[in-house]
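To start, the structure under review is shown below, and the notes come after it.
Lettered A, B, C and D in written order, each chain numbered from 1.
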Amino acid sequence: MRNHSIRWLVVLALVIFGMGVFTSTAPAKDIIFMDLSDYTGPVAGLALPGSMGTEDYLKYINNKGGVEGLKIKYMGIDTRYDVARAISAFKRQRRNKQVVAVGIVSTPVGKMMQALTKKEKLVVHVPGDGEFQAHPGNFFTWGPVYQDAFAATIDWIMDDWEKKGESGKPKVAVLSWDNAYGREMLRGGKEYAEMKGAQLLPSELFPTGTLKHDVYLTRLDKAGANYVYVGGVDPVQTNVMRDATALGLTEKIQFISDYWGPTALGISLHPKALEGMVVVSFFLRGQEAFDHPLLKELWTTVRKQPMDKFNEGYGIGVGAGINLVGAVTDTVKRVGKNKVTREEVHNSYLRLTGLDRQGLAGRCTYSPTRRAGADVVKFYKVTGGKIVPITDWVQTPDAVSMHKWK
Amino acid sequence: MNTSNSAADKILEVKSLNLSFGGLKALDDLDFQVMGRELLAIIGPNGAGKTSLLNCINGFYRPQSGTIQFHGKAIHPLQPHTIAKLGVSRTFQNIELYTGLNVLENLMAARHIHMKRGAFLGSIFFGPARREEIRHREVVEDIIDFLELEPVRKQVVGTLSYGVRKRVELGRALAMDPRLLLLDEPMAGMNLEEKEDMARFILDVAELRKIPMIIVEHDMDVIMDIADRAVVLDFGSKIAEGSPAEVVENSRVIQAYLGEEDEFETSSQ
Amino acid sequence: MWRPCGVFDATYEKDMAIVRTSRHWIALIVSLVIFFFIPLYGSYYIVSFINTLAITIIAVLGLQIVSGYCGQISFGQAAFMALGGYTSAVLTQKFGLSFWVAMPLAGIFTGLYGLIGGAPSMRIKGFYLAIATIAIHFVTLWLLLHLEITGKSVGLTVDSPQIGSFVFDTDERMFYIIMPIMILMTYAARNLVRTRVGRAFVAVRDNDLAAQVMGINLYYYKLLAFFVSCFYAGIAGSLYAHLTMVCHPEQFTLLHALWYIGMLIVGGLGSIPGVFFGVVFIRVMDEIVLIASPYLADWFPWLGMAPAAGLGLTAFGVVLAVFLIKEPRGLAHRWEILKASSRLYPFAY
Amino acid sequence: MTNFLQLLLLGLLEGGLYAMVAAAVVLVYKSTHVVSLAHGQLMAYGALAFWFALSVLKLPFILALVVALIFLAITGWFIERLAMRPLIGQPLFAAFLTTFAVFLMGDGIFQLILKGESNSFAKYLPGGMTSVIGVPLPTTQLVSFGVCLALFSGLAIFFRRTKFGLGMRATAEDHQLAQSTGITVRAIFSSIWILSAMVATIAGIALANVMDIYFPLPYVGIKGLIVALVGGLESLPGALLAGLILGILENISAGYLDPIVGGGVKEVAAYVLLLFILLVKPYGLLGLVRIERI
């Protein structure tokens, strides 16, 4: 009997210990950026380097003494693409006033967080859903929203179509994930494409875990697509191109990747397959990113990794970090470093218009009416196993406002 | 419900029953009847089709032709659980108890057909469902007393000894308040003492509860002592019928058993 | 527990009771009262954690009935929960029904859907059925993802429940909806499994031949078990949707269903207290991994950023395997041993 | 029409991949009557080990294959020893659930190793296109299909001709009888896990050759299970047949139904087929019908 009691007591003690850990908080005075991200699921290819970028940039600032002595702590949590885990992780910190901003890389988690954070005006960083721009609230996207980037791509397609001397309308199709993200770019992007005179084919949407894309590609081929806009988070684009190359479609169809497309890593896996793919991006890619002094410094001195393991997704996170530091700096300037609250940081975000992001992306465009983080994109093309720019920064059209939002 | 049979009632009537698996004939044109409150033994060597016959009566097997009538109602086209509701209960050769339940619950589970409350009332428990539980609990406790199972009442049946489990199975069959009881080798695998106990219980059931019974057994000695009448099967067909004393004298029976001489010896394993 | 040696039951009624002595009653009432004041003194996090625990417990109770008691292992509980959540969301958002009407309706609708989901159990059993329920999971989620009324891939947003002008929009307030429902559902499950229907379920599980001979209609009870189980899942899904205020297909994945089965195994199949043990054990384990993972990432840089997801799953797998091999009857069995030993105290057998 | 033919052939090639995964499941079931979900992981780890040997250790192709096979053989033996053997005598369902625990365990580590990236053999194995009866098909898939055919013929010969294979068949029929004729059932159990892990490795390499090593790879194991069920759990020809049927069905139904119902058909086709088969022929296309003796 005693034996069992002792065992149970141990279990009980562990539980109580666990409960104690739940309620513990970070050291006082610092403020916290909480990153609810997916490091192992479908969007890990983007979220992992992105989170590293933010973490390292914040460390870098803290090492230099923080924002007038105020340090910003990074708290990364793997949600495993699971809403319940994300909720519980967030709720653990919900009443913790040190948390002034949250980053989320998952559409369902983002949706849930809308309800939880609306009242408190807690800044939430999300990738790029246009609905946040359409209904401005406390959600801020990293770069231009998906619609606008798609619209810029339509502009590029129309130019390219003209340059090739083709007549008639170009046939454009979207090949993307069968989830909210996969459909988002067309909410506004569709209207824009029609206005510009491109012919949109029915979208091909596939589940996030798909391993082969033959069916969708052959159907697009049969429909006579000229341009295919591939969504998803790398390696999805790489996988699509692998299958397209194996089916011999790359000569007939120009593939264009959404901005979460192939990085140097994906290209090194399938250099032949990706050859010729165009990538629309709001952050630096390829050699430009590798040569960027800030990224180089962070990666080699803070992350302490050799440059050959560098992933361009890192730049997204650094950009988000610059936004956060910019906003906190503004808040400290306005109200002093002891009065940094969620609401004040939120107000500072609305004043970030024109913040320079050291060339990592275009200038910041957050304003009282705008939640999209940038309004410029750059086009790259995979050439000879390298991703090289083919345009300079290009202004994105406003496609979000063309959609009739509920 | 169970005691109103007069001696002349035709309880069960089996007419020209045929059952085969593929090309193998298990039962061949079988006829017999159970009358009144009698204790009918069905005997025969291994593979004679005794268990198949029971499986036909309680609906596991669907005979190819022939009829089985229970109190004048044809039961051979019915599902096993419907036949059970009409009052046919049985035990199995290899014990088939609900291993996860205790003795009491096993017996209570057999009261299923007499209980009326469904899932909704059951989940509220207080009120009708509780009254019903208590009422049937009394019936079950009577049977537990009758079969001398009190000490193991709340033990999970998986942990009981073989002889006790056989007794629990008999108890479970009785708890249904059957109008006909089928016992499939109730004494198989028992030692002498346990056999005597079991024989006593079977006789008590016949005498006190007045339930007609069919006992399938190939231990002739037991049958001689307790059965009113015996039907002998060999290769699925009836080779003899009559009182136990008559049957053992029958030359065809002797031949059938001699054909498998060691039957008598191995029967108690 | 706390049943002193030498207390005997004089009537059958007393023998059947769950709460036996007056000391039990006092302990029960006091702990319930303390429990219901948790939102007043517990931290916000504890309250929200208990809320998710309670919802999981409701779903796993349903699974216990169909898998633990009736023996039909189902990997479809997450999908059934999704359906419950969606039904409730559609009824409140598109048809303007009150939450208080929509929640039971969601339960009933999911229960009825469970009859379709349970239909394969008429022909197949064991792991054939388990795989068939995986199929049902995927087909259900596919439907939710592609129907117009469920908002396709965008999902639905859900409002908080309301009584008059009082809105249950925080976790503390939802606690007072979720907890009574969980206690009620536990009570109902406990009673269900110890009366006629529950015994029939176990009969089907333990020995379907004997069950038929004893007049139990296998198909009826298998389908009934699926109905009850899906009713529980529907209620849990509805509560979950109204707690998180959103319904999205990615909230309910196959992995969730696998976790539920795992909780059942760790807690103990065929035991209502086992559900509590299993859910709490696994969830607390998962939370500890979740909390520890940032530190782990700091201490062991070679693990990279991702230890939480990987380690959580691995820990779960290990725990599950250990329980299956070493203690297939789960924590509930350990609990019974503890109870028995405390009851016999001070005698040592 | 060429579109139809292309979908058909692509489906056929993909079906071969599923069939290989199913073969590993069937092998285990044939002699231990355990249905294994763990082979989804074994397959993924096989591919990962091969990739590691090939591109990190820079071993030549054959040597890398041998290294991967040996590594997975050891893994399979470990699983049998640690997770399966203690369960001998327990209900088979417990063993099934244990393989499922092994699956989750393996998945955690797999995701940890992969960290959201993907790996590919593309640099090492042939790529490009080959035309078959006028239809352009990816060479990688043709190669993988060839591997599939070779694997199945190899298994057929193994079971028909070799003494060891016959021993396994005998074990499958009756454990006690096999024991009495001098076959060590435990040794057979170990070796069947080793063999099936090696088959899973080959399947994993063939799969990853086409689909890369990406985080959903282990979940193809669930499809393998479905194929094994549809084909009939004891039957290797059944696995091949069902695999090909599933591959073709997936591609054809996705090709023609997707535009009508709005996508995602490829994901559910397998499950709908499974439900249909289970209701019509519960023991699968070529499975043995078991008569339960009462």
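In this text, contacts are C-beta pairs under 8 Å (C-beta built on N, C-alpha and C of every residue); 3 or more make two chains touch, one makes a residue touch a chain.
Quick caveat, the model's predicted, so the values are computed rather than measured.
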Chain located farthest away, centre of chain C as origin (C-alpha): B
Per-chain C-alpha centres versus the global one: which chain is nearest? C
Take the average of all CA coordinates in chain B, do the same for chain C, and state the distance between these two points in whole angstrom. 41
Centroid spacing, where centroids are CA-atom means, of chain B and chain D in whole angstrom: 48
Could you give the separation in Å between the centres of chain C and chain D, each centre being the mean of its C-alpha atoms? 33
Please tell me the distance, in whole Å, between the geometric centres of chain A and chain D computed from their C-alpha atoms. 36
Shared-contact residues (touching 2 or more other chains) in chain C: 145, 152, 209, 304-307, 309-310, 312-313
Touching two or more other chains in chain A are residues 38-41, 44, 48, 178
Chain B: positions in contact with at least two other chains: 60, 92
Residues on chain A engaged by chain C in the complex (per definition of touch): 1, 4-5, 7-8, 15, 18-19, 21-23, 38-41, 44, 48, 51-52, 75-78, 80-85, 87-89, 91-95, 106-108, 111-112, 114-116, 178-180, 182-183
Hey, which residues of chain D end up touching chain C in the complex? 35, 83, 86-87, 90, 92-94, 96-98, 100-112, 115-116, 222, 225-226, 229, 261-264, 267-268, 270-272, 274-275, 278-279, 282, 294
Residues on chain D engaged by chain A in the complex (per definition of touch): 3, 6-7, 10, 14, 111-112, 114-120, 122-123, 127-129, 136, 138-141, 207, 210-212, 214-217, 219-220, 250-251, 254-255, 258-259, 262-264, 266-267
Quick check on the complex: what are the chain C residues that touch chain A? 43-46, 48-49, 52, 145, 152-155, 157, 171, 244-246, 248-251, 253, 255-256, 280, 284, 286-288, 290-294, 297, 304-310, 312-313, 334, 337-338, 341-342, 345, 348
Complex contacts: residues of chain C adjacent to chain D: 73, 119-120, 123-124, 126-128, 130-132, 134-136, 138-139, 142, 145-146, 152, 209, 258, 261-262, 265, 303-307, 309-318, 320-321, 324-325, 328
